[in-house]
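Below is one structure. I have some questions about it.
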Amino acid sequence: MAVKMSAQELTEFAEEVFPQVKGDFIVEEVRDMAVRLRMPVAEKHLRPGGTVSGPSMFALADCAVYFAVLAMIGPKALAVTTNCSLDFMRKPEAGRDLIAECRLLKLGKLLAVGDVLIYSDGREAPVARSTMTYAIPPE
Amino acid sequence: MAVKMSAQELTEFAEEVFPQVKGDFIVEEVRDMAVRLRMPVAEKHLRPGGTVSGPSMFALADCAVYFAVLAMIGPKALAVTTNCSLDFMRKPEAGRDLIAECRLLKLGKLLAVGDVLIYSDGREAPVARSTMTYAIPPE
Amino acid sequence: MAVKMSAQELTEFAEEVFPQVKGDFIVEEVRDMAVRLRMPVAEKHLRPGGTVSGPSMFALADCAVYFAVLAMIGPKALAVTTNCSLDFMRKPEAGRDLIAECRLLKLGKLLAVGDVLIYSDGREAPVARSTMTYAIPPE
Amino acid sequence: MAVKMSAQELTEFAEEVFPQVKGDFIVEEVRDMAVRLRMPVAEKHLRPGGTVSGPSMFALADCAVYFAVLAMIGPKALAVTTNCSLDFMRKPEAGRDLIAECRLLKLGKLLAVGDVLIYSDGREAPVARSTMTYAIPPE
């Protein structure tokens, strides 16, 4: 399948339809059925203990799968998450961005399933993993 | 087991250790192994289509289990989420607060498991469900 | 919504289309959007430590949601599980049957979501919980 | 970390402690933090529509993570699954064995997390994915 949206197009589309998250995520790479996102970690993402909060990591994983789906099917703002699982495995390192590596395992007409591994930038062991199912709106 | 923290105490503790989320959640009720939270829905929680975003619902569910655990074990800021599953089942209604009903299914020495149902205020059918596992820090 | 299949009809249908599991589960009750199943625990369900194996509990939860869906929509053998989450919280007691209490949280045209709590017969604390999503075949 | 059990040792250990599943799974490869299992598909694994049943795929994923953990920590029969998520994405092909590729994402003192992709032998697109958390018994 051909990729339908570039990193630049995904970023502009997201800023238009989700102005709330403007600047939260940087699309670093778009490949066939895969994207890499960077989340510059800021004060608002932290929780007690100096670690990144669960909701911030959920948002990163969710956004990664959303962008991976849009990259393949084109701009459809109304694709919605129907299911998610998330494992928080290690404490993210303070002062390092988070990197999400997402690949789509399934891209059907109605449902897409994407897997995400989240890393502290420059580290090998993942801090979290997630799987998200998206329902794709009919044409 | 006796409840160790009241709604008022949970709120004050959260505002102290999580100043970022101040005002985001209202503890409406604390019972043995259970809490009810209200999330006043604001512009920042919305996504395209006028619905509440996934990360906002994750944050509500996560916070509900966190508060239910703290209510039973007392103020321990460092309890951390290790696993979560979430099903988004219906579109939340615009203009209605979200209500999270959480009950703890397990409260062990190391792990606690809580189930959450999320409703649009005043409606019977849940918009989402979630299960969260928390790791409890040793004494 | 009206229940379309009784406990007796569900049992007969299951024995016809799933002869492999004949006798594994007893439908104890069918209500609106809910069923209760009993799994008589046998040697084949056990694992080291004398506890019931994970796959046996998965099968019980899966079957409970399947029956709850069929009870509402009528006999459709081809409904399939698309997603599942499972938390194993306590060791089932040796020598006690397992009881699954299932309720459907959503019954849409395409997807159904059911929640299951599994108990050792006669005990109050659940040994496991599960959520299953079923895809419903179009007419 | 060094692998502590070979494919042969894992197979013999499993047959000793789980005689119920003897012959159900073949350990094809053991690597650092990873194993590959084959499930020869038999009549008992099938469900209506000629596809492999959910419980059979759960058992395969569960066993793959169990073996991957044992390969690294040595024979401890009492490691138990505490949490699982499973996505069933495609219908397994009739007449083809299932292959499970498992890698451990975390191997802590108390908890291990493993990711599994399940394939119909010889096909590229996975039929299912799963994540399992195992609690490791203290020394």
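Per-chain residue numbering starts at 1, and chain names A, B, C and D are given in the order in which the chains are listed.
By definition in this document, contacts are C-beta pairs under 8 Å (C-beta built on N, C-alpha and C of every residue); 3 or more make two chains touch, one makes a residue touch a chain.
Just so we're clear, the structure is a prediction, and the values are computed from it rather than from any experiment.
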Relative to chain D, chain with the most remote C-alpha centre: B
Between the pairs A-C and A-B, the one where more C-beta pairs touch: A-B
Candidate from B-D, A-B or A-D with the same interface as C-D, over half of contact pairs in common: A-B
Chain B and chain C, separation of their C-alpha mean positions in angstrom: 28
Chain A and chain C, separation of their C-alpha mean positions in angstrom: 34
Centre-to-centre distance between chain B and chain A (centres being mean Cα positions), rounded to whole Å: 23
Where chain B touches two or more other chains, by residue: 82-83, 85, 87, 89, 133
Overall pattern in which the protein chains touch one another (line/ring/star/complete/other): complete
Complex contacts: residues of chain A adjacent to chain B: 17-18, 20, 43-44, 46-49, 51, 53-56, 58-59, 62, 77-78, 80-89, 91
Complex interface listing, chain C residues touching chain B: 85, 87, 89-90, 105-106, 113, 115, 117, 125-126, 129, 131, 133
Parts of chain A lying in touch with chain C, wherever the complex brings them together: 82-83, 85, 110-111, 133
